[in-house]
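Common to both upcoming complexes is subunit A, partnered first by subunit B, then by subunit C.
Right, the complex of A and B next:
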């Protein structure tokens, strides 16, 4: 079974430390936390791109991994949009048609807007199956419509460990487990909806729905809608 | 070294001295060993090594073309060490304080602010470069000369975007020129000793020993 286990891992960066313990197994995981809480550092640690100062990370059956960095331009290696798709090993025509960038295939990826580039980058990343997929702030620079599409795309993933590191509070995919980083420590909040009682960064909409006596089952817009419908009933 | 005025002046003086002669370069190296926390270099060892390799290449070409390569290599390596020391000791806001201290709240503030922005860009540049290398590794691409073109484009593009953002931000905030700042510096006795030693090295580089000592 594919999984990644953090055994009392800690990392030191400038003047703060990050401690993390827990197992991320098959499914979609959400790691929330405030800006600057250490989400990106944890993503780098799990990708094996940041030195561990203590503890260790065990990877089980993970042969392919990918970290999507917050800023998509840092991933650019192609001189044109089509070349950029090809650099990810995916067919440019299909991807570009799907995201509506077919007309811009000859342009430099850096001439796209940040939102378009993020769309292109995520489409390429999600086209392939990785045993471990780490998405650092995947919703940044996307509009609401694109965020919903991304959630659907993530929800369609049937295999591997997907970890989303984000401070997004409104449009999120259905997840298997919720984690959060508070005061430099990774906390396992559990599985939804039970996790909502332990989750310090609980989205305001869930707070409101819970107060109205209709707690959603998960954190996706569909779950919120279902909870709202229950109130109307 | 706490005082940025002495640090930057010493850096300039030592670089000049090291460039002028092999003997002075040796003296500057000794100064670097005595007065700087050399372990800080480990944090930037990748950058230092790449610079030294680049210098070694040009030194070899120079040596093969007519000599002087060894001297060039030693002098430039010492200058790189001094430069890395200044870079690693630099703290945010020091250039602004120095600019105001030197030239006042109008022109000095502007000079200082430009220097601060330059430093910030340099730090962002190195951070971006590290991330680009990571991203290439994640894609399974090997780092080669060809990789420099897209990486360079991303870095330049990033720098231009940041510059534009900063300019817009300054304009939105109504910035026209100058500002107000009361610079505060902390000087330790060791800073003064290090500064005087640096000046002595430059002094003996510019004026030969035979001018002072009666040599038989």
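Right, the complex of A and C next:
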């Protein structure tokens, strides 16, 4: 079974340390935390791109992995939008048609709007299946409709470990497990909806619905609407 | 008033628009022209034709504070203190006064602990907070924020929202993809394919977007039982 286990891992930077223990198994995981709490560093650690100062990381059956960075321009290598697609090993025509950028295929990727560049980047990343997919702030820069589409796409993934590191509070996919980084420590909040009682960064809507006695089952907009319907009944 | 008349620039076309003092929020799909409009308001770009005036002056003659969603593109200095101090130093404000203003601004933004740090070691969200402090430290007349909120947690956002409202900026023009932030504005502009298709108070604009993903979730989840 595909999984990644952090055994008393800690990482040290100039001004803080991050400690993390836990197993991320098959499914979608959400990691939240305040600005500067170490979410991106944890993503780098899990990708093997940041040195572990102590403990170890065990990968089981993970042969392919991908880290999508917070800022999409850091991934750009192609001189044109079409070249950028090709650099990911995907066919430009199909991808660009799907995301409505076919007319911009000859332009520099850096001339796209931020949102368009993020769409392009995520479309290329999600075109392939990875055993471990790490998405650092995947919703930033996307418009609301694209956020919904991304949630659908993530929900369609049938296998592998997907970890979403995000501040997004409203448009999120259903997840299997919720984690958060608090005061330099990765905390396993558990599976929804039970995790809501331990989750310090609980989104405001879940807070409100729970206070009204109708706790949503998970964290997607559909779950929120279902909880609202229960109140109306 | 900010007045726009017969403006054309790239794919953006606005025949007439008036923005009153207060918080104006721009929403719309990726590539619809939101950032382009913000750049014109900031004087970073100049219209191909037509006019955009801020109280009858060009944006380039107006005190502007600008925050890019990708703060790395605007940050000039190696450490945080120098970055926040830069707008004051460029204006040749005395050192003592500069130091005091930077400290006060950092305190208000809750980033005093970052002042001695190197910018390159900051997280994405921390860089946005530093950029915002640099934009606010010289008390601009117009504060322009381009998706500043997409890398920030709820706690930082609440602090910033307070900072924006007490900044003294006469005009705040911001772009966001958080509709539950957009509802707390005086005016909303909805952009679609380079045109403004809806404008007005939030309670007048959002009903037009009810069947879309732009309708605020908190509004969509209004319930019959009172909280």
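Everything that follows uses one rule, which is that the second predicted complex is superposed on the first by the 233 of 233 C-alpha atoms of A that agree within 3 Å, B and C clash if a C-alpha of one lies under 4 Å from a C-alpha of the other, contacts with A are read in each partner's own complex, and residues count from 1 in each chain.
We adopt the following convention: contacts are C-beta pairs under 8 Å (C-beta built on N, C-alpha and C of every residue); 3 or more make two chains touch, one makes a residue touch a chain.
Because the structure is a prediction, the values reported are computed rather than measured.
When both complexes are superposed on subunit A, subunit B and subunit C clash.
Applying the stated contact rule after C-alpha superposition, one finds that A:33 touches subunit C and leaves subunit B untouched. Counting the residues of subunit A touched by each of subunit B and subunit C gives the higher count for C. Of the two partner chains placed around the shared chain by superposition, subunit B is the only one that A:110 touches, whereas subunit C remains out of contact. In the superposition on chain A, A:85 makes contact with neither subunit B nor subunit C. When the two complexes are overlaid on their common chain A, residue A:140 makes contact with subunit C while staying clear of subunit B.
Contact with neither subunit B nor subunit C is seen for A:45 once the two complexes are overlaid on the shared chain.
By the touch criterion stated above, A:73 is placed in contact with subunit B and with subunit C alike.
By the document's definition of touching, of the two partners only subunit C reaches A:224; subunit B does not. Of the stretches 168-176, 186-194 or 204-212 listed for subunit B, only 168-176 runs into subunit C once the two complexes are overlaid on chain A. Common to the subunit B-facing and subunit C-facing surfaces of subunit A are residues 71, 73. The residues of subunit A lying in touch with subunit C in their complex are 13-15, 32-40, 70-71, 73, 112-116, 118-119, 137, 139-148, 167, 169-171, 201, 203-205, 208-209, 211-212, 221, 224-225, 227-228, 231-232. Across the complex, subunit A is touched by residues 128, 131-132, 134-139, 141, 147, 149-151, 153-154, 157-158 of subunit B.
On subunit A, the positions that touch subunit B within their shared complex are 44, 47, 49, 65-67, 69, 71, 73-79, 87-88, 108, 110. If you check the complex, the residues on subunit C that touch subunit A are 28-32, 35, 69-70, 72, 117, 121-126, 128-129, 147, 150-156, 177-180, 212-214, 217-218, 220-225, 227.
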